[in-house]
């Protein structure tokens, strides 16, 4: 299915976990996430994949809903997988303070801190991210 | 004042217009916009200026408030001034469809279309953007 | 008090639990929920009670605030009590994907899944819902 | 394309106008609206088409963004095309007062009043709505 | 009807205009605004009337929806009627910058500037506000 | 640093806890909270400190995001420190029901109940609040 490769190459395991979590609840939702979000949208070529993920982080942090917390974590993982530095992710959150106010950013920074720590732990464990070269829409 | 140079080099005329519009209403607000938004936040170095503007566009489009419409236009201008292509700006909006839904993006695309047309007109008139090289925090 | 019967006949136990939860916090709030929400609004006759609950589910899922999660559960219970099928509830959530984006719906679907499972368990236990015939504004 | 028939049979002219309005701005958006919103979502069978439109009205009114105003009008038109009475539409808006507060409903009621008036004018002019029987996913 | 006196003594003409604007659209809404908002809520005694209006301004500015703009104007009028100074109203808006960000406050300040100008014009014309002593729940 | 005294004299311990919680995550955020929120905004003189806190409570409750919950608690603490009665805080929340709907207020009331209980416990323990007289911008 279109979108499968993009999912694997960006959000990786944490994106697939979200799709899987709807297997028994509403499998149609998992299929739409892959086909529409990853297949129709995220694999469009006009935007650098890392910049795309930083844009997603900006939007999800600005929404600040409880529902945006899990996808915010998924797209922080994806940004790290695609080569964003922790500094770029933190700065992406600081950047929206003027538009969104401090409480939303405070919450998002705590989520970012957790995801970056997990990512760092995995690197040390010898499972380096090798997702930098993307061929995203072949799925 | 810290922030003046960053304002001039990114949002340019349309950012200064916003600051000026509060001259008779609440001049303290204009000062805070320059000192805090541009001086404390936007001139921090960890993020590429064009990527910073695309993040701002993502956040403002995701909020979708009527109040976000004017700053969305300002930061689309800034992204164009900093070398973003119209395709990158449009794609930045498509990118948040999965998080924010279609109505917000429809509205934002119409604003982007207007700002891009105005930018193109200015280029043809012989006033090329020369803001690509930034030394943003000297103000 | 006007609204008591509507509360009992729609949201049933889970609506009464919400009202009771404010007994020691701010009893005036519980009274306003019954008198205004159930007495002034929900017992108005122009809308089929099941359709009214599906509309409530649509609105609460679209808001996506953390505060909307408990009432979303209450009105999913009410829709089930009033004869909505699980498929109608799930489809009511899919229906707002284009307006509200995927994260809000993902969260709401997990809540719906829990409430539907609890409802199914009660049916099997021999306490069938008999709330289908409503005489809602006699309270 | 999948979704074309559903668009025509529900939102009719005012839905097509929205799609057309992106022809010169971002034609890809119009295609996604038809293929995803109408083709993937709105033509799913589990929900009565009129109830689906009343759910859309509930969600869009609850969002209350400026961007939701145009689609709110489109789906009020669709509800009327599918046989909803003006009373049902007005009641659908009253129904969300407890969740969304008065300002959002005040705004939405004024939009509903305009769309219902336009619909009534068309009926008198001899172009009756004959969209009640739907075969929505044949497109 | 309970609430009529509170409406007259706080929001005055601009509140009554809102209620009247629904006379032909949905008269039930106007009645609920008077009976519930003014009769059940705004005439409760535990809060100083001016502080109540400044709280309303804070909440409406923080929402930032297009629908909140008219009530924001109404409650700025009410605050002025109840003796709030223009400086207190402007400061009430500055106060929420940290929570709500700059765009919402920019928008709200422009609305406040208009309402304060109109209020000042009326004072000069010899129709002084004499609403300071309130007996708000006798209606 | 400007803002330190205001932080200590209003939000007291729970405000300082928030600043400290970013020490290892993003220390720059803690500095901006003190310098901008407390130094630039909260120590401006035009608004009575207690009224300022009640306005903050109004705005944060009206936002209803999960991220607003912690600052809502902090500013309820601050209002109590500055002499607001529990009745005034509860009434400040009731006051926004017409604008924000019941779910947001239900959530906020539970938070207020917890903070008021904690504050009462401290008073009984012999550590009375003596923060009533403020000299807020000397820091």
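We just call them A, B, C, D, E and F in the order they show up, numbering each chain from 1.
The rule is simple: a residue touches a chain if its C-beta (ideal position, glycine included) is under 8 Å from a C-beta of that chain, and two chains touch if they have at least 3 such contacts.
For clarity, every value in this text was computed on a predicted model and none was experimentally measured.
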Report summary line: Between subunit B and subunit C, the fewest touch steps amount to 1
Report summary line: Label-sorted list of chains bordering both subunit B and subunit D is A, C, E, F
Report task. Give me the rotation angle that lays the C-alpha atoms of subunit A onto its copy subunit B, rounded to the nearest 5 degrees. Result -> 180
Requested in this report: Please name the chain that ends up farthest from subunit F once chain centres are defined by their CA atoms averaged.
Outcome: D
Query raised in the report: Shared interface numbers for subunit B and subunit E above half of all numbers used, same, or below, different?
Result: different
Report summary line: Distance in whole angstrom between the CA centres of subunit E and subunit F is 24
Requested in this report: List the centre-to-centre spacing of subunit A and subunit E in whole Å, with centres computed as mean CA coordinates.
Outcome: 43
Report summary line: Chain-centre distance (mean CA atoms) for subunit B and subunit F, in whole Å, is 32
Query raised in the report: Among the residues of subunit B, which ones contact at least 2 other chains?
Result: 32-33, 36-37, 60, 63, 65-66, 68, 71, 90, 94, 97-100, 102-103
Query raised in the report: Looking only at which chains touch which, which shape fits best: line, ring, star, complete or other?
Result: complete
Report summary line: Per the touch rule, the subunit D residues reaching subunit F in their complex are 97-103
Query raised in the report: Which residues of subunit B touch subunit E in the complex?
Result: 18, 21-22, 24-26, 28-29, 32-33, 37, 60, 63, 65-68, 70-71
**Report entry** Residues on subunit A engaged by subunit F in the complex (per definition of touch)
**Finding:** 64-66, 69, 90, 94, 97, 102-110, 113
Query raised in the report: Which bits of subunit F are touching subunit E when the two form their complex?
Result: 33, 36-37, 41-42, 44, 46-47, 51-52, 54-63, 68, 71, 85, 87-88, 90-92, 94-100
Query raised in the report: How about subunit F: which of its residues touch subunit B in the complex?
Result: 32, 35-36, 40
